[in-house]
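Once you scroll down, you'll see the structures, which are given as structure tokens.
One chain, chain A, appears in both complexes that follow, with chain B as partner in the first and chain C in the second.
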Partner chain A sequence: MSERANVVPMPEGEFFEANRFAGKSALFGILALIGIVLSVVGGLVAPHQFAYSWLFGFAYFFTLLIGCFFWTIVHYAVDAEWTVVVRRQLENIASLLAVMAVFFIPVLLLRHHLYEWMNIPRGQEPLLDSKRLYLNMPFYLGRCVLYFVFFGAAAFLLRRFSVRQDRDGNPWWTLASRKLSFLSLPLFGLCLTFAAYDWLIGTDYRWFSTMWGVYIFAGAAGSSMSLLVLVITALRSAGYLRDVVTLEHYHIMGKWMLAFTVFWAYIGFGQYMLIWYANIPEETQYFIRRNVESWNVLNLLLVVGRFFVGFPLLLLRGPKKQPLKICVIAGWLLLMQMLDIYIIVLPALHGTGVHLSIWDFVPLLTIGATLAFLFLRVLGKASLFPNRDPRLIESLYLVN
Partner chain B sequence: MKTPSGHDVYGIGAEYPTAGALYEAAKRVRDAGFKRWDVHSPFPIHGMDDAMGLGKSWLSAPVLAGGVTGLLTAAVLEFGPSSILYPLIVHGKPRNFWTVPAFFPIMFELTVLFSAFSAFFAVLIMNGLPRWNHPVFNWDRFTRATNDGFFLIIEARDPRFTEVEARQLLEESGGQHITLIHED
Partner chain C sequence: MADAITAPDVVRAEASDSIESKLKRVPLVLNRRNFRWITDRISGVVEEPAPRWWWVTFAITSLTAAFGLFCLGYQISTGVGTWGLNHPVGWAWDITNFVFWIGIGHAGTLISAILFLLRQKWRTSINRAAEAMTLFAVICAAIFPGVHVGRVWMAWYLAPLPNNYGIWPNFRSPLLWDVFAVSTYFTVSVLFWYTGLIPDLATLRDRATSKIKKFFYGIFAVGWRGSNRHWRHYEMAYLLLAGISTPLVLSVHSVVSFDFATSILPTWHTTIFPPYFVAGAIFGGFAMVLTLLIPARAIYKLQDIITIQHIDKMAKIILLTGSFVAYAYAMEFFVAWYSGNHYERFAFANRVLGPYWWYWWVGMLFCNCLSPQLFWFRWCRRNIYVVYFVSMCVNAGMWFERFIIIVGGLHRDFLPSSWGMFYPTWVDIWTFIGTFGIFTSLFLLFIRYLPMIAMSEVKIVLPEADPHFQSAEQHHPVAAGGKERT
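What follows is the complex of A and B.
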């Protein structure tokens, strides 16, 4: 039942005891170090393969973090109530975006393996020359700097404002965050769209799709909501947020997972069908490459697994109100997002079929372990929920 | 049972000053074991389903049936002529099952259309609509239900209904202007 009249909110907040999880933290640290060493080896031994593997790992975690950033700014922009108790975790995850700038360095170092347009001199390829106004090195670097400065700074400021409010309870911080979010929403849309073009479509300068940015966004928003469910459940099973996050919050998070499962399918299908139907060679080549040989199997698995499995499960009310079940679905959706990014990045390298390499896993380990290590550090720095947010009570007594 | 004016009794109603009072009253009526009763407010009250002890609505069943019917209708209408009765090659697309992406938009639209129709008509049937009048409008104060009034009405056809017990329950829960409502 959702009647919780007896629960008294704790104005002092709840704090993560970093010492209790020092073992886990050390484990992630060691894994990250091993990953970094292996990455350096991979970059030197098999730079061509490793470049694509790294881009895959980088893009996967980037979409997860950027999704959390999206949910934070949407929370402020629409003055949402229900998000308050889970918002700190969104802010914690999004604040790691600045770290992604470091993980972008290998992409830059290995750029000649990834981005063919950087290797072709001017005047050789008319199709490319017509795109030089956008695809040129100074502009590309400028854009990358802009993305990381914007995402890093905005995520940092939003978290900082929110943590400051924990201390003084001044509603001014909420208003400041709202203004920052209004500014961030259009910039977020532009930066994510162009980052998706630059980093993911960039591996094939001939191809284009106007729905690409939305497609990446749809996958990012849904999978980061799944990540939030897992993080919240992990904290609850460790004994935190027990009286704060209720099944009603799980229900809403599940509803958002459903919404973005449908939205992802809608955008993905819209993009596919328009290109398939028009049948123009320079557009179809992207999908032909991903629908021949063994790539076709993976692609069908993605469509079936992410939509036809995820949709009916999330449509039911029962699983959304049971943390264990929703966690299984969330984990599945995170796997599907990984598969999605894999199908986006790797066929550019292995056009003739799936060729799973050991190097595909190293970037996942490196980036994942580093982010997990840093996340545990960030987690202990502030209360686990914004304990003096003006809308905290409304969020605590949420009914939907 | 008759009202003082000699009509059949429809039920007994009470007015509450706030949404919160109505919410608490609903929990008491639920716990007293009444089944045929309802609350009326100018706006939806979050959590009222639980407070009233309402289970899951069975509306989703007709909607699912409608949606599946729509999907199958679209599949038959599209695959029937295009793949079976009169196959034609259009735009170089296959004629077998793999032409299905071209059919998705219609499948989607008919699924939505049939679901919406079945939801619409199922809601009408579930609520006993359309009808010209309802006994609750025999109570003058009830017109405030769309303005600023919060009402709880227990129907006389509830097996547990007795005027004394219902009136007492409504009084204890803080109801005002408790009135016996007559049938048309």
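What follows is the complex of A and C.
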């Protein structure tokens, strides 16, 4: 692969030939169907376990998609250049956020297994009663609707504007996207924070941490950049984007992976250390549950794997400029994000130690295969890079 | 009728023109200023005799600094009782001032290190002055923890020095981490600043007309000749220092936040403190950079180098960090309520409605949360008066914020019978004003004796610095796309 772009790509863009990958698409479709059937079985046979397993799978993919949405809006808000050639893939992935609303239905159906606060009637638990203004069903549902409407609509519009620009080349779309991104930034912060509260630590209404939203964000942003690296590399190995995405782009994506590996560690350490230091039972309960028995092994694996392995590897320039190596690291970081979400969700169910269940894998299969299937369909609908973006040339001739 | 141009077409074409103008990258140095103009204009500030305003201002600020130092001497010789500290308010203006100044000392290294790693070329016009400001702010900050211990001659206990008494600092205390964090930050910031200065010191040495100046600039330019080898080493050193400084920018204020957050005091103990303090520090630091550079660019006619584009970008950083600070405030309130903890709920209600209510309404809400929201609008970011107004609001607001965190958290403790208020004495007030004197005096000396803008770095971002540069009209695509950009 050339270090830098030296050919101008075709002005009409590059298109994904869906027919070439019909086999893969069908495979994902079949896997998704199998997953859905198994999920129904799981929901009926072992609803309590399956509820947590599903929440784990849902939250994992949600953080990946939301991270891609974040990178898209940041691209526009800071008027970035380097992202132009990879932005379409961010938009494609983020546009699947609307689908996540469908995958949220099982969470709603199994809510009584997940969220203890929904089962406790008023007047029984004074602590909970003092939070009823926030933790009540109508408000909870309203918030969930707001999250999906906002994320779904904003991601849809950003992709639509970008695709429109492919056709007419009007730079107005860039400005419109910029305005939409400005508006989206504060809403993104608030929606992600409260979604993280509602869905993830809502499993224990007693626990709280002001850092929680930032922690989930840190994991989402870093892992979605890893996902982007994998998607871009997959497209390149299929023969696409070869004249467009260069090693310089890989280098930058690697640098962002490094930045968010450090940021995740910083936020995670800050949260853990402050709670450990102050040693207040209301706060330590979350970590005590996750630091006992076999959970502690997974916790240590997360800290070592995500930071102490990821950091030195990403610090080097070499791996960031070699697609194969950066893909291995990206895959590892995605696994670590999965582990992170697993440690967040499952100990609420199995407080005495890790209890891996077959149902933990089914949601990953169902949601993952469905998203992959839909992604392949979305991929063929527009050029693989924004071929008439006003910053395209600068992005092509990127020099680090 | 295929060729007919309709009214909507015209409207669309006009709209398109204006859109393209909005998307166009504006050069970082305006009016096609060349290398020579940059050298002459920036070196001229140092080489020409000091203007009268400089002497008048310096006289005022140095007198203020002297009075501040007198207050410190009085406090050290008499005791901490000269300050208004009491039970339950054991920390007040001293630590407020410490956190305030250390926060201001964040923007410089952020601009130099983090923006360098992010390849933000616009930083070159402002990094030198911002870094100098960082160092002076850290000097002002370091005064307070040093003297607030009471017996300042025992301050060496802070360092883990082997001694006959077998007394060691408590390594588990965040107060000790602070000593390490701040001293490391100061050391690395000095090195980073000085490394960046070397090529410019050599320029001043080469242009010096008196032997004394030539000697001193020559000593500090450490034999710089601008050879290829020198540049290669210099750029590697600069990159490494930027890499080392980046975690320091984040760690220093995180450690400062630990001073509070590791405690179990309501409003102090909260997990979001580290990023919240870092964002607040960058927020306050950028406000101070603007406070100093807006007058400096007008006085020394540097508008072609510190352009409105630079001010616009700094305003955006203030908006971003200010909004994160507002988010952190909101999360604090939300979680205090959500925790169901009565003490937390009371402490936050007390912040808004207690005796220090106006610090919160004016300082935290208006100055820190609302005033930066003006920067959502382009014309506000580009109006010097609005930018200056907001910067002053943020300067004040960030001091108020630290005050209300510290005193607001202490003055009504768990035992209502020991509740109290804090009233500053004249020593408190004049020590703080004195640090402003020290800060501005040092800054005035800086602009008098050192190049306040990194000449060599500004030249590097000019289109002419690109090896492919041909002429103003015929740019190589890389040169046009890569260099005439922000």
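In this text, the second predicted complex is superposed on the first by the 394 of 400 C-alpha atoms of A that agree within 3 Å, B and C clash if a C-alpha of one lies under 4 Å from a C-alpha of the other, contacts with A are read in each partner's own complex, and residues count from 1 in each chain.
Heads up, the rule we're going with is that contacts are C-beta pairs under 8 Å (C-beta built on N, C-alpha and C of every residue); 3 or more make two chains touch, one makes a residue touch a chain.
What you see is a predicted model, and the numbers here were worked out from it, not measured in a lab.
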Report for A:317: first if it touches chain B alone, second if chain C alone, otherwise both or neither. first
For the overlaid complexes, name the partner, chain B or chain C, with more touching residues on chain A. C
Report for A:106: first if it touches chain B alone, second if chain C alone, otherwise both or neither. neither
So in the superposed three-chain picture, is A:214 touching just chain B, just chain C, both, or none of them (first/second/both/neither)? second
Touching A:171 in the superposition: chain B (first), chain C (second), both, neither? second
Can A:67 be said to touch chain B (first), chain C (second), both, or neither? neither
Between chain B and chain C, whom does A:271 touch in the aligned arrangement: first, second, both, or neither? second
Which superposed partner A:400 touches (first chain B, second chain C, both, neither): both
Touched partner set for A:282, first chain B, second chain C, both or neither: second
Considering each complex separately, which residues of chain A are in contact with chain B in the first and with chain C in the second? 273, 277, 399-400
List the residues on chain A that touch chain B in their complex, please. 1-3, 269, 272-273, 276-277, 279, 317, 399-400
Which residues of chain A touch chain C in their complex? 79, 81, 127, 130-131, 134, 170-172, 174-175, 182, 186, 189-190, 193, 208-214, 262, 266-267, 270-271, 273-275, 277-278, 280, 282, 390-391, 393-394, 397, 399-400
With touch defined as at the start, can you tell me which chain B residues reach chain A in the complex? 46-47, 50-51, 56, 91-92, 101-102, 104-105
Would you mind writing out the residues of chain C in touch with chain A in their complex? 15-16, 19-20, 22-23, 119, 247, 250, 254, 258, 261-264, 269-275, 323, 327-328, 331-332, 335, 337-341, 376, 477-478, 481-482, 485-486
